[in-house]
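What follows is a single structure, and I will ask about it in a moment.
Note that the chains are named A, B, C, D and E in the order they appear, and that numbering of residues resets to 1 at the start of each chain.
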Amino acid sequence: MSNKAVGRKTSGLDKALRVALYTVLIVVAAFYLMPFIVMLLTSLKDVEEIRTGTLLSLPASLNFDSWSKAWSSACTGGSCGGISPYFMNSFQIVLPAVAISTLVGALNGYVISLWKFRGSDFFFAAMLVGCFIPFQVILLPMAQTLGWLGIANTTSGLVFVHVVYGIAFTTLFFRNFYQSIPGELVKAARLDGAGFFTIFYRIILPVSTPIIVVTVIWQFTQIWNDFLFGVAFSGFDTQPVTVALNNLVNTSFGGKEYNVDMAAAIIAALPTLAVYVFAGKYFVRGLTAGAVKG
Amino acid sequence: MANLVIDNVKKRYGETEILKGINISIKTGEFLILVGPSGCGKSTLMNSIAGLEDVSEGRILIADKDVTYTSPKDRDIAMVFQSYALYPNMTVEQNISFGLEMRKVPKEERDVEVQRVAELLQISHLLDRKPAQLSGGQRQRVAMGRALARRPQLYLFDEPLSNLDAKLRVEMRTEIKKLHKKLGTTIVYVTHDQIEAMTLADRIAVMKDGQVQQLGTPQEIYDNPANLFVAGFMGSPAMNFIPANVVEQDGTPMLELATSTTVALPFPKPESLKDYVGKTVLLGLRPEMITEPQPHKEGQPFVTTTDIEVEVTEPMGADTMILTRVNDAEINCRSNPMYPAAAGSVIKMMFDTSKAVVFDQESGKRLDV
Amino acid sequence: MANLVIDNVKKRYGETEILKGINISIKTGEFLILVGPSGCGKSTLMNSIAGLEDVSEGRILIADKDVTYTSPKDRDIAMVFQSYALYPNMTVEQNISFGLEMRKVPKEERDVEVQRVAELLQISHLLDRKPAQLSGGQRQRVAMGRALARRPQLYLFDEPLSNLDAKLRVEMRTEIKKLHKKLGTTIVYVTHDQIEAMTLADRIAVMKDGQVQQLGTPQEIYDNPANLFVAGFMGSPAMNFIPANVVEQDGTPMLELATSTTVALPFPKPESLKDYVGKTVLLGLRPEMITEPQPHKEGQPFVTTTDIEVEVTEPMGADTMILTRVNDAEINCRSNPMYPAAAGSVIKMMFDTSKAVVFDQESGKRLDV
Amino acid sequence: GEVEVLHWWTSGGEAAAINVLKEEMVDAGHTWKDFAVAGGGGESAMTVLKSRAISGNPPSAAQIKGPTIQEWGDLGFLTNLDDVAEAGEWDVILPQVVSDTMKYDGNYVAAPVNVHRVNWMWANPEVFRKSGASIPTTWEQFIVEAKKIKAAGFTPLAHGGQNWQDATLFEAIALAKGAKFYNSAFIGLSDKTLRSQDMIDVFDTFKQMREFVDPGFSGRDWNVATSMVINGDAAMQIMGDWAKGEFTAAGKKAGIDYVCYPAPGTSGSFTFNIDSLAMFKVDGKEKQAAQKDLARLILEPKFQETFNLNKGSIPVRLNMPREKFDTCAHASMDAFLASSTTGNLVPSMAHGMAANSMVQGAIFDVVTNFFNDESMTSKEAVDKLARAVKASM
Amino acid sequence: MNTKAANTGSGPTQSGRPARLSLADWMPKIVMAPTVIVTLVCIYGYMIWTAVLSFTGSRMLPSYNFVGFDQYERLFNNDRWMVALSNLGIFGGLFIAICLFLGVTLAIFLDQKIRAEGAIRTIYLYPMAISFIVTGTAWKWLLNPTNGLEKMMIDFGFENFKFDWLINPDMVIYCLVIAAVWQASGFVMALFLAGLRGVDGDLIKAAHLDGASTFTTYRRIILPSLKPVFFSALVVLSHIAIKSFDLVAALTNGGPGYASDLPANFMYTYTFTRSQIGLGSASAMVMLGCVLAILVPYLYSELRGKRHE
């Protein structure tokens, strides 16, 4: 349905409300942005300026040295390649892990809300409990399991771990979204001769974009920013970028190079930010509009 | 094409029994119409036939095969849902062709089929739209199109024309009839439109509260209702029920009527009233059997002309309904719009009891069978 | 209670103009029925009145106030949506009382009101259910209940009874009529049911393609359709259109009819046919005007009896439709079910042209006004 | 063969130092896999180590120190280095305290890298001059001088509010009560000592330090605190000799821009913190050979020298040439030798050399909480400490 | 009423059905199977394992010398644990409440056809993207009394502005709340925004006609139909609250003292740094127990309520 809904309102009160609305949004945005501005400004200053200036003082000149240093020449431990070599590792972990966990979550959610079977709800509840298991306690048993499976300290091992502990969330998101999809759609498709996967692929997935976006945002962020699993289950050559970032930040050459730290942090966050910007387009309305009456 | 046997099907939602043992069997190629008051379980029965709801008890057989536990897609059924259930992400065209695609019909054939159906339903110009951009009636036609594009063993139509305008509805009705003639597919069809029921059905099943009250040809149902409920439900405007004393005249039980004057009406099967002499029965008389005096009927048996007092008139185009009171019951009579009948005036009306029926007042059971 | 003026309202979706300048004005307490083919813009117009869609052009006035830009909640309107739009997370009771709550009606009053409405709509036993647990017709009644619980300035009903069975529909219709009588609220009502339209309306607006074709009382619309479209649209079964040559007999233009034999029919306003002598016009004759010979009409002016060949018969309960061919056009006649009319036989039928209308074949314009 | 080395030497000097080892290994024909996990004094690295060990895939060598080596030995993860040790005469070149720590069950299982002196005090002479104070040699004097410094508008004590920094300061104060007291309290964990009046005094002194730190100390990293001294914002810092790296990196000269003194009252004592690489059992002849080479190289004088020059610590080998080392290092070496004979050489509690991690943690908790809790009295603290230590044994 | 009824709604299977089922009928179960296995092993298996360890004297690595309830006794005699537990109460409660409120509010605001929606949405969301390893530093600066916000405000002329929560043991927990809210509320907003976009436009229209103001429409019609979204958000937030480990590690590292310790940090410290796996496991079990005690009743009521309600 069109959402031009409520008419062109021009009354003074409405205008005032609108102004207030924007004001609130902008003030809140400013609060959210503050740490980022601090980080950004810091990354552009040199070490001396950081020491002497205040948090929000502007850098004397735009200086991207720290950015290039963070990217390609900062030292962490025995290697001095910046954080760039670790980007590939992270991508190799994040992309498959996000894809698999999202897909599995979508399928699970689809089953739990539209193909209920005896015990499926109970299982869902049981699975949710899994969301609350502190990740720290599973480090050791998981390490042992990975050892048995022969994927300890490999990228596949990390993908496996992230998928395992991601599906509870992805399932939750999808299941709760699919609660509002009219069951009649599935019925109609079954009569049309579509099977389980066809219905999923042709009918359900196309109306799932908003929740896919949310799930991808969540999973991508969680996995990209994960440190604990990344450090514990990676090998020396499969360490994700967070481990590099951690090393970089905890490394100092006489006086912390905050500018490099901040630059590295921003660089490390760029892929996630890109996902947010890109995915944002798909926050669309009314995908199931017109499906059923009543 | 296949026959359909519904064998003692029951359906419960929690405690409540919605279907209380339905038994219907339809021959191959038969057109069955389900009617019944809102909430009586028609859609539930349709869903059960399609396999979209588990039945709690009983069996369903299609083409002599027990399909009670077969998955819907293997039952080879096409259905129009009361709530449409259009695929929101697909265009009208895709909605219609989806079922064909699933049955692996090649693209060219699908296109031809979609065109044909769309033309039939007059939605050719809407093929590229999404359901959200359609009007109510257009959506209903798409729902219809989805079923009609296929050639299943069995069609299920759940109020497929309710949101269409009268003209379109007549056209669609004709198309369905043609289709049925041409393909001979078995059809189960729910409708609230009496004319649809009467004109389309080979047989009609009248349901009430999860039970079949009567199953028979339209004419049987109309002329020979099994009980008070069926009699009152079928026909629009509804049959008049007049509590009437049975009096004996010349050894024949007659029905006494008090309008402006009191008359005794003859009854075609007087023997069925024997036991009720002196008691009151319910006389069922359809509005079209109480008309302005019609000269050509004059003198026929079971036709009685008497005076009534007009309470209200309701012009309905082709006819005018006249409301009056007989034996203290409000009744509808149908007259020619040109017959002068001002509210409050006393006019002559002709009662034709040749097709009248009588019921026991308490049990609602038909007496004259 | 208020009057309603729709002043040259236009509505576009992108390029397509859906409403092409609607002008309707209704007096306070009037009952207006909107009819028109599926997709002609009825719901869009209703939405515009309610303020749920912006109009692209034009003004809407309620109670003499321009409300074109007023928000829906300040227009004091209650509406039944064609798609119901029930609140899925609320029970039936909450659905009905929500509007009252919003208007700050105290709890006790609300409860009383909900009870009243629920009884009226026969859904008292469903008050605790959620919409998902209801049948189609039950949902529709809840949608209805939501509107009826309120006492707005203006009611908008968009096909409120389409999914109800005939009996219930008649009851509901009566209730609406009573309500309207009692409250005198202005009502705009969309329906596809001709009987509803004829019996409820003070006036009917016939729409087509986003334009009003005719606005008038039911009788006007039925007897005096402004054009071919209105004539064909109103009435069920539809009016027969017979292309007929205008011939002059004794200086009076008559309409020539070829059935089994050829006859010339008289026409009440022959002067309007003057210019068409020798040409072909479209004669509009409703089915109920072509009946079995009725002795009491015999000899009336404009009544002609002739032979026709029965093609198909369609029993519809109270009447039987007889299909035949006249001047190569297929036409419907309405006869008593007991009149013998076997398919293929030639029978006598009586044509009553006293209410016939004629149209220009090309433009569809009415000739006899 | 290849060696995978898990360590947390990531800061400037350390990283440069480890690169020396790496190069030598590469020169010896091995592959060096550098598994560095920075942060939290090796907390993350230990987690990684456990996870890798339990998955059956431990690194060849890992940075483990002090009593923890024994714990790993107990679990049977460590390999025997006796042949390397014999060839390199480790028993001879290493002081007893060091070699004892490197052995499990009488066998060498780890190679020591360096010795840190923890009880250092770093001072900015400029600040002292400006505020007219002199370098304190006892804690009483410290308090007097600190007050002057504070009055002059400087922060007397540069400190970071992290539990191990609190503990470093605390153990320095405790050490001023004598090595015997120190050992009895932190190694012997004697309840009597823990509850003694001396301990109460220690806490009293410790609490007074709270006045001499700036309000922003909470959670501050040690090197940030060091830079306060470097910048002349603060006068002193009690920190191990790794702080020197910060001064050096800032281009400051020992004895001129900054001075190093033993922490007040501990001039004859030496709190040591030994870094070492423990060797894990690995499969494959080549890997084992590489591992042995690594152990050998660590104790080569060349590596010892370069590494310690970078790291600010002193070599574990006795009798190393010392000309390249600065004055602070010299002082450290002297104290190391001297104290090892007097019994004033004590393991650092704050750096996990004295007690196992559980006891250490228990002490940390009490100490750090006491330092931040204005209402807690020293008596209560002592009681808490004694109970916490008991509970963790 | 009749919630059970809806239950049997769409499922293709039910008890009492004969065994001749095609592969297609098994599909849902087959699809769920890997998840079931993984959940059983990697969640319940490990949970049981942890439970077992909590009854042992395990130190650096797991061992199986059983000591009964000793670890639990030690745990509850541990001051730091009690602090951590009560901190979790304060932190979790505030964090979840504020995030939900902010998330819902911002989502609703953003749903008003805001011009720069994309940009604003990204701004609200970005804190999730940046690892706390570094943001922790930025927050430390901001909250630091000597050179952070306090200084800025004083520089702006608010002489008496005082903001020293970070070093105040009583207030430091609220610093954690601020930073955590900053980081997570954007995601809650996104979750709700996605939910809002799924609500049928006709319902909103109906509510407007019924006389509901925009505010009431959200409160009574839209948000109640977003119950499942609330559910998701709550689970996610509780999850974040419970495992807020990085946040504490980066911002306060538990300090001053251990005033800002949370159970996750406690557990990590004891399990890995202090080699007290037994005690760590016990603390994990207690943590899990607390969460479940709150969560299970909610889960139950939530899952009992069914589709389309």
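One rule holds in what follows: a contact is a pair of C-beta atoms (placed from the backbone, for glycine too) under 8 Å apart; a residue touches a chain by one contact, two chains touch by 3 or more.
In this text, all values refer to a predicted model and were calculated from it rather than measured experimentally.
Counted as hops between touching chains, the shortest connection from chain C to chain D is 2.
Ranking every chain by how far its Cα centroid lies from the centroid of chain C, the top place goes to D. The two chains most heavily joined by C-beta contacts are A-E.
Rounded to a whole number, the gap between the C-alpha centres of chain B and chain E is 57 angstrom.
Per-chain Cα centroids separate chain B from chain D by 94 Å. Chain B and chain C have centres, each the mean of its CA atoms, that are 21 Å apart. Counting partners per residue, chain A has 1-2, 5-6, 140, 142, 182, 187, 195, 228, 246, 249, 286-289, 293-294 as the residues that reach two or more other chains. Residue positions of chain D touching 2 or more other chains, listed in rising order: 40, 47, 50, 54. Among the residues of chain B, those touching two or more other chains are numbered 13, 52, 71, 73, 82-83, 133-134, 136.
Residue ranges on chain B touching chain C, taken from their complex, read 13, 35-39, 42-44, 82-83, 133-138, 141, 158-159, 162-170, 192-195, 198-199, 218-219, 222, 232-238, 286-288, 293-296, 314-319, 334.
Those residues of chain A that touch chain E in the shared complex are 1-3, 5-6, 21-22, 24-25, 28-29, 31-36, 38-39, 42, 54-56, 104, 107-108, 111-118, 120-121, 123-138, 140-142, 145, 164-165, 167-169, 171-173, 175-177, 179-180, 182-183, 186-187, 195-197, 210-211, 213-214, 217-218, 221, 224-225, 227-228, 242, 245-246, 249, 258, 261-262, 264-266, 268-269, 272-273, 276-277, 280-281, 283-289.
For chain B in complex with chain A, the touching residues are 47, 50-52, 71-73, 77-79, 81-90, 98-99, 102-103, 130-134, 136, 139, 146, 150. Residue ranges on chain E touching chain D, taken from their complex, read 59-61, 74, 77-80, 140, 144-147, 164, 166-167, 169, 249, 251-259, 268-270, 272-276.
The touching residues of chain A, counted against chain B in their complex, run 1, 182, 184-185, 187-195, 198, 202-203, 206-207, 286-294.
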